[in-house]
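Comments concern the structure below.
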């Protein structure tokens, strides 16, 4: 194997783990998944690994940590395990790609980031939307300065359909589970840190959310250090597809992006004009973004660059989610300084 | 003159007064402006009146109030005079179309509405956007029930350029001057009353706004009685034109409208694809809506219907503006029940 | 009456005559319709005239020709009378606005144009689409030279529904009745004269067209003196509205326009995304263009300018229609030089 | 190697050969390229083959023909060699995917198709646009019958930039080289055979085309057996990207598709509204279509289905191109029956 190829150990073969594994093998030059660790390993996982060209599959993530031929890990296991795997990988000197969120406990996150710092390994957090061609265009336009200073950031983020209700029970709530992506997007687009949050929520879709103390419809208003005001709206069930639009209004004008559609057709009849729906969900919408995200990580490691989404990004989005949760529950504005220690 | 033609007295010949006057003469069958009262009456006003077929022009609004041949008044004078003219017209038994807002003082509004009730005359408030073909389509779609219950109402409302700074001094602040239209639109689209407001504001465009204790960029989050969450964003200077978009996300999907454009052109070159800008400002965007609004008033009077925008609509939008102002200044959520007495 | 106001005699109070009459009275400053002549004059016409502020109504067009207070005529009578009225009006020194086509007989057109020349009066032909904000933007973009030399002109022109079949009998065929607008538009956009025509036609909508030797679906390819190639497609029944799109591809890129829509709404559900249809027919789509057209004529007369659509434009479009008809019937390419004498 | 995997020999490692080779290895389950034959084989080809997982590379296509472990060939060599390779592969019992056109000589095409018939192997021609999500949607909508009988087929097909001039010399002319895709698309969308062609052409971009008796701008009008009329417009240099739009007008309405864009951004400033350009050229626009095309071939062979684009499709498009060429050169309408023997 070419010495320039990054050897990756994949932890977790659920939906997102398989996605990353397949993408790397097929579409990310300069990297190769060489081993899978999946605690619930079964024949299905093994067949998938074989077909994807992953030569070894094991139950124990320690097998990856202890494999000296592995340069980097992709942590795609359940959220509560992320921080621990970061610590283990960092101690073994392995570079780390970790799905979001790092953890829902700030102390755990900080400990993990401290180990990363100490080990001097690269850490990238899986905020995949930054790699979407549309959102990236909004970011790049604002960051270029061509529109002057940003004033307002708007994010619409609605899932096509809610997850199973038992998922809701352990999701950490809408802000930690779903809006966390939008908090990261808002920081990315505003180019500044969130200082205050106001959150509204409602149970409009399914009364079962109430049982879990959660909401299915939410809106968040954000204040940023640089004077930008942010607005986010979320729904667990948009019905028509994955509605993911962003917009930044600036001193000289506005940049906004619409959804990607299944096709560009327009069918006109006496009954009306019918166009296509947005792509269905994140696997369809962010398909290329997942590849770009993995490629960016591989590039950062192989060429010793800073990863484009780092540990601080992972931490700050969790703070924002906690503040939104507090705002909703206490029905008041919440400053991030109340939480940041 | 045909007895079925509503005879209108126009109070005020500023920009909006002239607009209504010209529209009625040219495009509203069933009505005729027969007299103008403009305290600052000059030769320009008189020439405009003659050309528009308004046969009498006077300085004193009392001339209109005392004219027994006048059936209805259009109050297009400065805001602080609206309530008094409503009272005078009501006492004379004249139907009333009044530009928004009724007044910035709740007590004055209530007194005016009480006189209207007592006199049994029709009163319509000039929330013209309800008559725009786009926003009306959003409303009608939601109201039809075809999308189920509404969940989220979003309003983008940005002026192309700010008013003169001396206007700002007396405007009552961004929420009373500009967002008041959006509060009415939000109520119209949500089909419910606002119960709570969270407002953020920033001076991003011109530091001079600070001098007046005002902001030039604002965002408001709303709670409605029926569980709808509202989001409004405002800017005093969008630069590219009048940005007026609305969107309601409902149980079965979403209805949204984009801006009207100057034309539908698309010019594609190696340098990019250039499309047209939104129509410049309210005179261009709401041209047909102003006609429809006046026609609706004339229809309500001539055919004894309830006006589509009534005194309560005028009052509730002022409450919302006051609550937003309080929220911004005190940096907290404000319930409307704090203000409604 | 102000001496600067152009006094107009209106000949014909059918649909198009009423349209022009109402537009001039309501929306064209500097002109006034003072007399109507309608051979089939009835009470309905008289009521319309009174309501529109046209003080005199007569059966005999000669009353207009002989009225020395009339400066200009609008010829809105049936096609076969156009040329004769042009001759009569020219001989009386009156300026002329004439609906298209001038006539279907080249000799009659030439005689009429000769009289206009001799009299030195203004003549404008009613190719209203040149005044549509969309098509005009295409023309102006090409004419500005910003895209370089034009290469390809494309016109889609489809009516929402066919006319009554008895209209078809006397229409002169699809090319003289319907495509004639597109021939004028093609000349307008290409900025050059048509030299050759290839026409295809089919009866796809209603077999009754065959009875009249006519077609309901057509396509025409055009060669222009300046090397531009033109493509036109027509349908008598688009069903979804009036489909009027133009496009010019040039050396540096392409300019194209889409239809105006009833509103900008987009309704997204699980069943699909529904947008609005184009405006229904020419009265809706070209409403403002009719006003602009009349205003341009009044401006040309009042300020002694060349009318923007002149007699040659009227003549050349008839040549093109005749050539297309010949091409379809003889199933061959037809050069305009075969017809132009 | 799994017996269900189709073993493919790739003939030609130019741009299109490499594209198919990479696609099959990465994205077409059920197939594997096992050998490359490239007469001009060099180190670059060999490196590409190794990297792509093609284990053998040779200069002589006969090595592929004689390899009993090879089930199918992809013919991606220069046009003039296609027919001979088809014959050779058919005689060896190998299934065949062949890039378009089969040949520019009708006799050679017929001989090749006869051999395919005799051998009973599958033959698919590389009209990749049929597999584009947009054009396919137009086809499927028409074919579903939901819009009734088709009336008009319109195809805009413009390359972003012309090929090198020495390519023009051997291209066979614009109709055989470029429009041939549109003839196939027109047949695909109309669901019928072309009976007559009228072609116009012009040298508007580069005078050098004249030297080769070729044109750089063209338009073609088509008659179909089922009464459909077709219109095609072509340009060698659109400048703004690859302009590939199709539209079918039917009895009950119209289905049309726009281009895919680089992203959905809209940047609004006082200077105008800028949107993104179409994807640059066929590699970007038809990236997924190339994969779908190869997958369809593999599916046809592995599951014994008829290939979706067959030898007759390859033949008829060549007839149409020849007829267009004749029409342009002889400046007359040309019936396909003049050519079909």
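All chains are identified by letter, namely A, B, C and D, in their written order; residue positions are counted from 1 within each chain.
As a convention for this text, a residue touches a chain if its C-beta (ideal position, glycine included) is under 8 Å from a C-beta of that chain, and two chains touch if they have at least 3 such contacts.
All values derive from a computational prediction rather than experimental measurement.
Which option, B-D, C-D or B-C, should count as the same interface as A-B once over half of the contact pairs match?
Matching pair: C-D.
Decide which interface, A-C or A-D, involves more C-beta pairs in contact, and give its chain pair.
When A-C is set beside A-D, the one with more contacts is A-D.
State, to the nearest whole Å, the distance from the C-alpha centre of chain A to the C-alpha centre of chain D.
Roughly 39 Å separates the two chain centres.
What's the distance between the Cα centroids of chain C and chain D, rounded to whole Å?
The computed centroid separation for chain C versus chain D comes out at 42 Å.
Between chain A and chain C, what's the gap in Å when you average each chain's C-alpha atoms?
The mean C-alpha positions of chain A and chain C differ by 58 Å.
Send over the residues of chain A in touch with two or more other chains.
238-240, 243, 252-254, 266, 268-270, 276
Can you list the chain D residues touching chain A in their complex?
26-27, 133-134, 137-138, 141, 147, 252-260, 262-270, 276
Which residues of chain A touch chain C in the complex?
Against chain C, the touching part of chain A is residues 238-241, 243, 266, 268-270, 272-278.
Applying the document's contact rule, which stretches of chain C touch chain D when the two form their complex?
149, 151-152, 154, 156, 158, 198, 200-205, 217-219, 221, 223, 227-231, 233, 235, 238-240, 243, 249, 251-254, 331-333
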